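Next up, some structures in C-alpha cells.
Here chain A shows up in two complexes: once beside chain B, once beside chain C.
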Partner chain A sequence: MSVAGGLPTPSTGTAPRGFALGRFLTPLAFLLPFLIGLVIFTLFPIVNVFLMSFKEKYQMLTGEFTQYGPGNYVLLFKDPYFLNGLKNTALYVFTVVPVSTALSILFAYLLNKKLRLNPLFQTAFFLPLVTSVIAVGLAWKWIFNFDYGVFNFLLSRFGVEPINWLNNPNYSLWAIIIYGIWSYLPFTIILLLAGLQNINPLYATAAAVDGASKARIFFRITLPLLAPTVGLVLIINTISASKVFDELFPLFNGKPGAAYNLYTVVYYIYEVFYVKFRLGQAGAAAVILFLIVLIFTLVQLYLQRNWQHY
Partner chain B sequence: MRRLSLESLIDNLILLLGAAVMIFPFYWMFLSAFKTPAEVNTTPPTWVPATFNFDNFAYAFNAAPFARYFLNSVIVTAAVVTLSLVVTIMAAFAFSRLKFPGRDVLFSFCIALMLVPFEMIVITNYATIVKWHLTDTLIALIIPFTSSIFYTYILRNSFLSIPDTLYYSARVDGASNWQYLWRIMVPIARPAIVTIALLNTITSWNAFFWPLLVVNTKLNRTLPLGLYSFITDGGIRYERLMAGATIVVIPVILLFLVARRNIVSGVARGGLKG
Partner chain C sequence: MQIRLDGLTKTFDTMVAVNNFTVQFRSGQLTALLGPSGCGKSTMLYMLAGITPVTSGHIFFDTDDVTRLPPEKRGVGLVFQNYALYPHMSVLENICFPLEIQRVPKAERLSRARDMAKLVHVEELLTRKPSQLSGGQQQRVAIARALVKRPRLLLLDEPLSNLDARLRLEMREEIRRIQQETSITTIFVTHDQEEALSISDEVLLMQQGLQQQLAAPQALYDNPVNAFVAEFLGVPPINRVPGTLRAGEFVVHDGTAAVQLPGAPTGHDGTPMTLAIRAESLFLAKDPAQQQLEAEITQIYRLGKDELTHLHLGDCEIRGYLSSETNLPVGAVVPLGLRRKGVFLFDAQTGERYR
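Coming up: the complex of A and B.
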C-alpha cells in the first residue's frame, strides 16, 4: 500500500496530523482481528495448497518432499477414483441443477401469483434451508430403505418392484440425486421469487389487455425477464453442487456409496488427505476443484455484465 | 369467473403437492421417532403412530451423550456467532467509514477471496490446528470462522447507507470512532446484524465437515457429528436415529418459525449456500 497521495483524513488519526503512519493506525486497529483470521485461515491456506499440489511425496508432519513438479497432477488423473469422482460430480450437477431449477420456476411462479404468501406454504417450502444435511439425510436414508422404506412402499402402489436404492450401485447415484433435487428447491425458489417480484406487473397486464393467453405471457414476457435470475441461480447452484459431500455420510454411513462407486471430487479430497495422508495429491485435487469453481464464477460475471440491459 | 377459479384450484393443488413433498421427510422423521421398534418395521407403514412413546428420545439421551452434544453445539455456535459479529462489525466499519490509502483495493481483494471453496483450504487449516495442538478441542471448531468476508460485505453495505453527517456530528460532539461504532452505527444497522447473526447461527449449528476432521472423541462432538456417529455407535435402528435427528433439527426449526422473514430475506441475498 502506498502512503503518498492518500486523501486527507481529518478525523481518523490518533497520531499527530501529517504523520503518515497515523493514517493507518486507527483503520488497522479496527481491521486487525479480521485480517489475522483472514491471513491464517484463508490466505495462507490458499497459497499453501497451490504450493503443496506441486510438492512431490509431501509429508505433512515433517514438511519433507522430494521435489517440485507436476507429479501429483499426473497421479491424480491416473487415479480411477478421482476420475470416478469427476464423473459422478458432473452427473450430479447436470441433473440436480436443471431439474431443481425447472421445478423451482414452476413453484416460484405459482407462489408469486398469490397476493399474500401463505406462511404455511412458506414454511413448508423453505424449511429444508435451515436443517442439518446429516439429520435430513438420515430421514431420506430411512425413506429409501429397501425393506420398510416409504418410497418403495409408494412405488409398489404403482406396481414397481422394490428397488435397493442405497446398496445397488445402479441406483445409489439416483438416490443422492433425488435427495439433491429436493434440497436445492428452497434456495432456488427464494431467489426466483425475488426475481419475479422485481418484474413490473404492467408488462403482463398490458399483454393481457391485448389478448395474450396466460401461457403466452409466461413464455414470451415473464420467462425472458426472469432469465438473468435463472442464469444466476444456475451458476450458484452449479458451484454449490460441485462440492457435494456431506450427503454421502448419512446415506452411505460415510462411504462413497455402498460399493465405493460414488466418489465425488470433495469426497476424494477428504479421503486422500484425511485417510490416506497423501497431501500433495489432495492439494492437486483441491486446485482442480478451485479451477472448476473459478470457471463457473467467470461465466457468472460475464453473464451478469451482459444481462445488464434488462 | 368459472375459468379463473378452476385455474386457481389447479395452482393450489400443485402447490399443496409440492409443499407436501417438501415437508414429508420432516413429518416422517418426527413420526418414526415416536414409533416402537415393531411399528417402525411394518408394511404397509402406519401414517400416525399407534401410541406416542418417548423411549427413543430417552435412549438417545442415555445411550449416546446427546445432552453433551447439544451443549457443545450451543457453546460453539454462540462463540462463533459472537466472535464473528465483533470481528466483522469492526472490519466493516473500517471498510465503510474510515478512510485510508488502499482501502478499496484491499476490500476488492477480500471479495475475490470469497470464491475460494472452503473444501480447498480445509487441508491446510487442519494442518494448522494439528500444529497448534488444538485437535479435539472446541476452540478448533471456533477460531477458523471468526473472519467472514461475506458477512463483512453485507455489513459494509449496510454501514455505507448510514449518512456521513451523523458521523461528523458525533465526532464533533467528542465521540471516538469506537463509541460512534457501537453506540450509533450498530443500533442503526441492527436489521443487517440480526440477519447475519441468524444465518451464521444456522450455518454453525449444522456444520459437519470441519467437526468431522478435528474432533476425535465423543465428548467434543457437536450435534450433527454426534448424530452421524449414532449410526455406527447405536446400529441402524431407524426409530432411534429419527429421534436423534429430531433433536438436531428442532432448535433450528423453532428459530425458523420465529424469524422466518428475516432468514428468508437474508437467504435471498445469497446467504446460506456456497
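Coming up: the complex of A and C.
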C-alpha cells in the first residue's frame, strides 16, 4: 500500500543491511526462555520416546542397545497385562466420557436456570476441582467400603446385596468408572455452563412464542448451539481419560486393582518403566497410546465437523 | 383482527411502565407505537405477545379475552429487534420451524415456507445460514418466520433500528408492502417519528407509560391533543413561546413582544400558557392586515430547497420557513403572519390544549 505524500516510515534505528536480521533476532530473544523450556522438557522427550521405543534391549544407565527394530512392539502385544490395560482403558474412556458429558449437560442446564439456590450448587459442583485427587480418592475409598460404605448402604435400600467394589475383580473396574464419571463433572460443567451462557436467551423466547415445548427448545435450539462446546469437551476428556492412572492409587493402595486385574495403559507404562526398567517397552507402549489417542481425536474432529454453526 | 385494550396496566416493582391504556387498534391496519425510550412501548408489545404478564386490565383480540393466554395460544407472530434467527439453521429451516412445532406435514411445511420466502423476497437465499445474510435480509427472514404460521396479529419490535439509513428507508416500505399484501393487523414499535408517520395507518403516541394520542399520522401532526404530542412530532421541533393571554392578544412572558391572536379563547386571561407555532406556519406579512407579530432575524440557514430563518420574538428564539424570494438581511425586523394550521395554545402547566 502506498500513499502519495504518505506518512513517514517509522525509523527502526538499525542500518538497512542489519534490518532483516534484527527483525528476526529481537523477537527470538523474547521467545527464547519459553522455547528452551519447550525443547528440553517437551520436544526432546517426545522424540526420545519414539527413538527409545525402537531400541531393543536398551539399558538406560549404559545407553547400550542391540539394534533398532520393532522388538519392543512385538513384546508388548504378547504381554497379556498390556492387552488387559488397553481393554480397561478403552472401557474406561468409552463409559466415563459419554456418561459424564451427558450428566454435565444436564447439570449445566439446571445450573444455568435462574434458581435461588444456584450459587450454592455452583460452588458445590466446582469444589472437587480444587481438591487433590488423592484426598478425594480416599473419600471414595470409604464410599465404596464393603461394610460401612455409603454406596452399599444406598443399594441396600433398593434391596441390592452389598457389593465388594474394591476387592472383587468383577466390580473394581466399575468402581473406578463411577469415580471417574464423578471426577470429570466439575470441569466439564464449567465449560458447558460457559457455553450455555453464550447462547442468547432470545432464541428460546422466540421458539416459545411459536409454541415450542421445553424439550423441543432444548433439543432443537439449545443443544445444537451448544454442540461446539460439547465437541471440545469430548475431545479434552477423551485425551485426559485415556491417561487414567492416579485414580488407581487411593482406591487400590497403589495396586492396579486388588488382583492386579485393573491395569490401564499408563499404569502399565509406569510399572514397566520404573519397576521393571524395561525402557524400550515402556516407550513403545507410550507411542501406542499416543497413536490411539491421536487417531481417536482425528476421527472425533472429523465427525464433529458439522457441529460448527457459524 | 381488532385489538382492544381495556385499562391495560403493567407495573415493575414501583415503576408503572404502562398506565391504564384503553384503546382500540383497527383490523387490518398498520399501527405504530411511538414514544421516547422508556415510554413503555416495548412492554406494551410484549404484553400483546403474551411474553410479559399483565398487571391489571384486559386485552381483547376481537371478542376473545386473551389477557391470560400464553403466547402460543394467541396466534401472534413476533419479530424481535435483533431478529433472533436461529444461527444453526438455514433460512428455510428457520422459516419452517414454527410449522415444525405445529406438526404440519413436511411437504406442506416446505411449500408454505417457500411461499413466505417469495413474499418477502428471500427465495434465493433459502440454503444460507443467518450469518451469511445482510441486516435487511435477516429482517425479511424474521418477518417470513413470523408470518408463516398465519398469525392473526404481527408484532414488530423496533424493526428498523438495526439497519443503516438507506436500508431503513427500503425496509420500511417493504414492511408496508408486506402488510398490505397480507392485510394482517400489524403493530410495530419505534422511537423514530419519521418511521411511524410515513408508513402507519395510525400512531399511538406514548410518554412515560401514559397514552397521549391515537390518531392517523397527519391528524396527529395537525391536531395534537396536548403540548407533548405537538412537541414530540415535527422537525424542526415546534416553536414554543411562553406567555399569557390578554384581551385576544398573546403577551410573551416578559412583555417584550405580543402576538395578535384573533379568535383566542376567552376567560383564560392571566393563565400561564405556551404558544406553539410550527416553523412552516410562519410567513412574511405582505400587507399590514396579515401581520400578527414582529420578529428580528438573527440567522438564516439554507438547506437545499429550504431556508430556515431564526428569529427573536422578544427574547424568545423561534424558527420559521419564510419565503426565500425576498433577500432579507440579518438584523431586519420583519412583520409576520400565522397560518391557520399549526398554531396551538397549551396550558403551561398541564399541557392541555386551549386552541
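Throughout what follows, the second predicted complex is superposed on the first by the 259 of 310 C-alpha atoms of A that agree within 3 Å, B and C clash if a C-alpha of one lies under 4 Å from a C-alpha of the other, contacts with A are read in each partner's own complex, and residues count from 1 in each chain.
We adopt the following convention: contacts are C-beta pairs under 8 Å (C-beta built on N, C-alpha and C of every residue); 3 or more make two chains touch, one makes a residue touch a chain.
Here the structure is a predicted model, which means the values were calculated and not measured.
When both complexes are overlaid on chain A, the residue A:I46 reaches chain B alone and has no touch with chain C. Judged by the number of chain A residues each one touches, B leads among chain B and chain C. Of the two partner chains, chain C is the only one that A:P224 touches; chain B does not reach it.
No residue of chain A is contacted both by chain B in one complex and by chain C in the other.
Taken in their complex, chain A has these residues touching chain B: 1-3, 5-7, 9, 11-12, 23-24, 26-27, 30-31, 33-38, 40-46, 48-49, 52, 60-61, 103, 106-107, 110-111, 113, 119-136, 138-140, 142-143, 145, 147-148, 150, 153, 182, 185-187, 190-191, 193-194, 214, 236-237, 239-240, 243, 245-246, 249-250, 253-254, 266, 269-270, 273-274, 279, 282-283, 286-287, 289-290, 293-294, 297.
Interface of chain B with chain A (complex): residues 7, 11, 14-15, 18-26, 28-29, 32, 40-45, 86-88, 90-91, 93-95, 98-103, 105-106, 110, 113, 115-117, 119-128, 130, 143-144, 146-147, 149, 152, 167-168, 171, 177, 202, 205-206, 208-209, 212-213, 223-225, 227-228, 231-232, 238, 241-242, 244-246, 248-249, 252-253, 255-257, 260, 263-264, 267-268, 270, 272-274. Residues 200, 202-203, 205-212, 216, 220-221, 224-225, 227, 309-310 of chain A touch chain C in their complex.
Across the interface of their complex, chain A is touched by residues 49-51, 71-73, 76, 78, 80, 82, 84, 86-88, 97-98, 100-102, 129, 131, 149 of chain C.
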